[in-house]
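Okay, so chain A shows up in both of these, paired with chain B first and chain C after.
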Partner chain A sequence: MTLAADGWPTFVEPVAAGRKGSGVLVVWRLELAKLSGQLQVRAIAAGCLAIPFLVVGGLNLQSSTPGDTPFGQWVHTSGFAIPMVILGFGGQWVLPVLTAVVAGDIFSAEDHFGTWKTILTRSRSRGELFGGKFLAAATFAVAAMIALTASDLVAGLLAGTQPVVGLTGQLVPAGHATGLVIASWASQLPPVLGFTALAVLLSVVSRSSVVGIGGPVLIALVLQVVTLVNLPVTAQLALLSTPFTAWHGFWAQPAFYGPFREGLVTCAGWFAACGVWSWLVFRRRTIGAA
Partner chain B sequence: MTNLGLVVDARGVTKWFGETTALDEVDFTVGPGVVHGLLGPNGAGKTTLLSALFGLVLPDEGTLRLFGRTRAQAGASWLDGVGGFVETPRFYPYLSGRRNLAVLAGLDGGDAAGLIDEAIERAGLSGAGRQKVRGYSLGMRQRLGLAAAMLRRPRLLILDEPANGMDPAGIRDLRGALRRLAHDGLTVILSSHDMAQVEEICDSVTVLHRGRVAFAGRLDAMRADAPDPVWRLRTSEDVAAVETSRRLAGVKASSHDDGGLVVFAAQDRLDDYVLHLGRDGIAVRGLELDVTPLESLFFQLTATTATTATTATATQEDR
Partner chain C sequence: MRRAAGRRRPALAALAICPLLGIISGCGSTGLTPGPLQASLSRAFANLYVLQQTEQGNPRPSAPDLHSRASCQKGTPGTAQNGSGSWLCEVTYFVAGPAYPVIAKYNVDLQTDGCYAADGDGPTSVNGSPTITGPRYQQVTNPLWLIDGCFDVTG
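For the complex of A and B:
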């Protein structure tokens, strides 16, 4: 290994010439490339695609039904019940886990590897790095949700396309049921993005992936328990876990969308508050020398 | 006062970490096309100062200009034309050396991505470019750090202890590369606690001690202020050799704890001493330079507690 004395790239023009376009998008693309090289991200992607099919297989092997979960009693009569059972069973804590694995690690991993010094000494500002990383975490959450929705729906359709009984006892035909399944899963996106921002905040503040990933999961479980307590309506609406159940209104007859709209406001509030707080901490953070 | 010709112009830079003053009104200036050494014992503030140059640490007081511009004036282009690393270069261990450089080149934009192969080859990592960084030795990471810095086509190269972990051949090559780059007009700031290394390649130095500047200037000016070097001498009759030294001006010899003698003398006085030893029938069995004049001065400036340094300083003051 000989280190050459000459022939190194030498100064031509400041690299400002390379700062064309949005720096946030440059960082976002690179973060996605880095994520694609991580084992846990590949494992989650594989899980999102495979788990619904494994659930279908598991349900086919047993005669009993998960009757205490919405749509649970219909899993053997309609394939549309299966994605809704998965959503009802794991939505409030599985989805926060899913997003926290990336969002809770995307900032603190740089602390863990000591690479803040490496990337902050390049041609990108802290704002661009923050924006790109935040966007990458949100992109992963959206991509995971799309993958999970698609695989759930396909797994359900393979199990059967018979009409399904709605939450108020009405029969929902296959075409409408397909739309409702997609809408129900899509309604999870706002709280998932809220948890994404929460995981980023914990990751930035704690500089620890354990806190960044474990924190949102723990909070999701606590909120799930708190939901069972008879809280005042305002407090209930402010909880980040409440919007996870907004899809119940989609499957009622007549359908109601109030909880979904209120959930949008709640999630936007959590997303903005956690995002701003993260940025305020990150922008003046001392790197390394302390 | 601002000197627009300076590459680095730091005035009164102060940084506190809680109760600790890491930098205390530090003035630090570096002109173009020189290799400037930043010296100091551990905890002197070298890394904090370099971190401040990179914007990793925000000074609590003072002004800092790179190429005549403050960070506020330059905005996002503050580090344009600046490359290097602080402390050991760190990379993503789950990516190869080449992919790490690709990520960094992507952040830089411009033609940086097209320079990756060249930089890897120049750094002597051709055979390891596709190997994951988690398998790299410290010396290999230093090489990759240099390659990453050079992707930016810097006008100012800032390197923090770049020879750490390198084998002797790598250190020799690094010195050659830095000298050549400076010859081509690049400004290099090199942090080190190894005075001998700095002596070989730097034109000027700043010595930090407990967050303050203990010395700043050209190396030849530092040499003029430097005390006599320290030598280790082994003779056939150490006691008689000490007696001989007492008859000579400018020579001080005493026994060393590890055997042999420690001698404080300028080169010409040492030559005279050795001739006297021969005339007195005392054989010289070994003679080596233990502490160079600049090292002696460095130890004085920083009051290092190393045995040799303390002995050297104390004895010099006795004289």
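For the complex of A and C:
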């Protein structure tokens, strides 16, 4: 018995225009709802809001100043020095930790709980799932950075709005200093998103949250050690950790933006490479095979 | 078979990266040369000298009139004059006319990102103490004791 090819019933998915995009948004909203319920996410949000004020309190209790970092000697003179000291001290490793805690777990948690099979049988494609999860991780990184910037600035303003000495010895008045603090913290966003993509990649490839979260942190620390070596400028600028220090140029006179511009290219490269790589791995993954 | 190949790949990547790093570090400039360091330090010194005089209640000098210039050296004259680490700098400036130069010494710790911390090394009255006395006998931070600065390594 033969059946004509057109004799088979056809199961054509009804694809409405714009459906794919809205699918990503559905996953994104769901992931954000899941994130907002997680203990570690709430702890980070609380930490972002509280830590700058704790630093200000701690600095007020002692008369010594933190050395070895730009602006360290001015923390008791001007409140604008405080956000910059926090950035100088912690930026290169705290910020990768911040984003990796979510981005390094958002894919591998499904492996850990064995829930891929469940969510992949829902009416969302792999692409929509991937896009939504990736977007949720990036959204968390951006939100955490905004919270941290705001609380840092407010803590600094409360500590004092005297003019601060910039990185060419010039006095920066309060209004301009406020703008520079915001710009400096905003300049951390590209490398933070680069680390977000890196954490997603490790999370997807390893299927382990330990690697997804610990890997980017370890890489950040290794890169920090590598930057101590006298590399040529081109090699130095290709590292994902270098853009974290691009803000120094904002505070010089005349200000220079070369490292920031190069950093944007570096971060975009890392972001795209890690994003594409993790999608290629995720797309071809066999899920549920014994 | 596939698994074995997969495991070998990181090792191959590491093998490829090592010589690549070697080639990269062999060529190209670090951007950490005396020129931009001297320009940045002399400028920062002049600005901070003005701040120091103001805080001491002295007449406010003008930064360009100091005609400050810095001269920096890394290690002995035979050492390659570039890279991070410890530099010795002398800032020459003029407060009493062109015939009377004053020299302030600094130990400069230069980092690979183009930021430095210049630690004052005399004369004592200029940059030798962490605090200075203001006009009302209050102690304030001596701006010239420690100079934090950065310059562009990409430029």
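In the analysis below, the second predicted complex is superposed on the first by the 269 of 290 C-alpha atoms of A that agree within 3 Å, B and C clash if a C-alpha of one lies under 4 Å from a C-alpha of the other, contacts with A are read in each partner's own complex, and residues count from 1 in each chain.
We take it that a residue touches a chain if its C-beta (ideal position, glycine included) is under 8 Å from a C-beta of that chain, and two chains touch if they have at least 3 such contacts.
Please read these numbers as outputs of a predicted model, since none were measured by experiment.
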Q: For A:259, decide between first (touching chain B), second (touching chain C), both and neither.
A: second
Q: Check the residue A:228 against both partner chains and state whether it touches chain B (first), chain C (second), both, or neither.
A: second
Q: Classify the contacts of A:185 with the two partner chains as first (chain B alone), second (chain C alone), both, or neither.
A: neither
Q: For A:80, select first, second, both or neither according to whether it touches chain B, chain C, the two together, or no partner.
A: neither
Q. Looking at the overlay, what does A:33 touch: chain B (first), chain C (second), both, or neither?
A. first
**Q.** More chain A residues in contact [chain B versus chain C]
**A.** B
**Q.** Contact residues of chain A, present in both the chain B and the chain C interface
**A.** none
Q. Where on chain A is chain C touching in the complex?
A. 68, 70-74, 76-77, 165, 167-171, 227-237, 242, 245, 248-249, 251-253, 256, 258-259, 262
Q.
Quick check on the complex: what are the chain B residues that touch chain A?
A. 17, 22, 47-48, 51, 54-58, 75-77, 79-95, 99, 103-104, 106-112, 115, 118-119, 121-125, 127-128, 140, 143, 146, 148, 150-155, 169-170, 173-174, 176-177, 179-181, 184-186
Q) In their shared complex, at which residues does chain C touch chain A? A) 21, 24-25, 27-32, 40, 43-48, 51, 83-84, 111-115, 117, 141, 143, 146-155
Q. Within the complex, which stretch of chain A touches chain B?
A. 1-20, 23, 26-27, 29-30, 33-34, 37-39, 113-125, 128, 284, 286-290
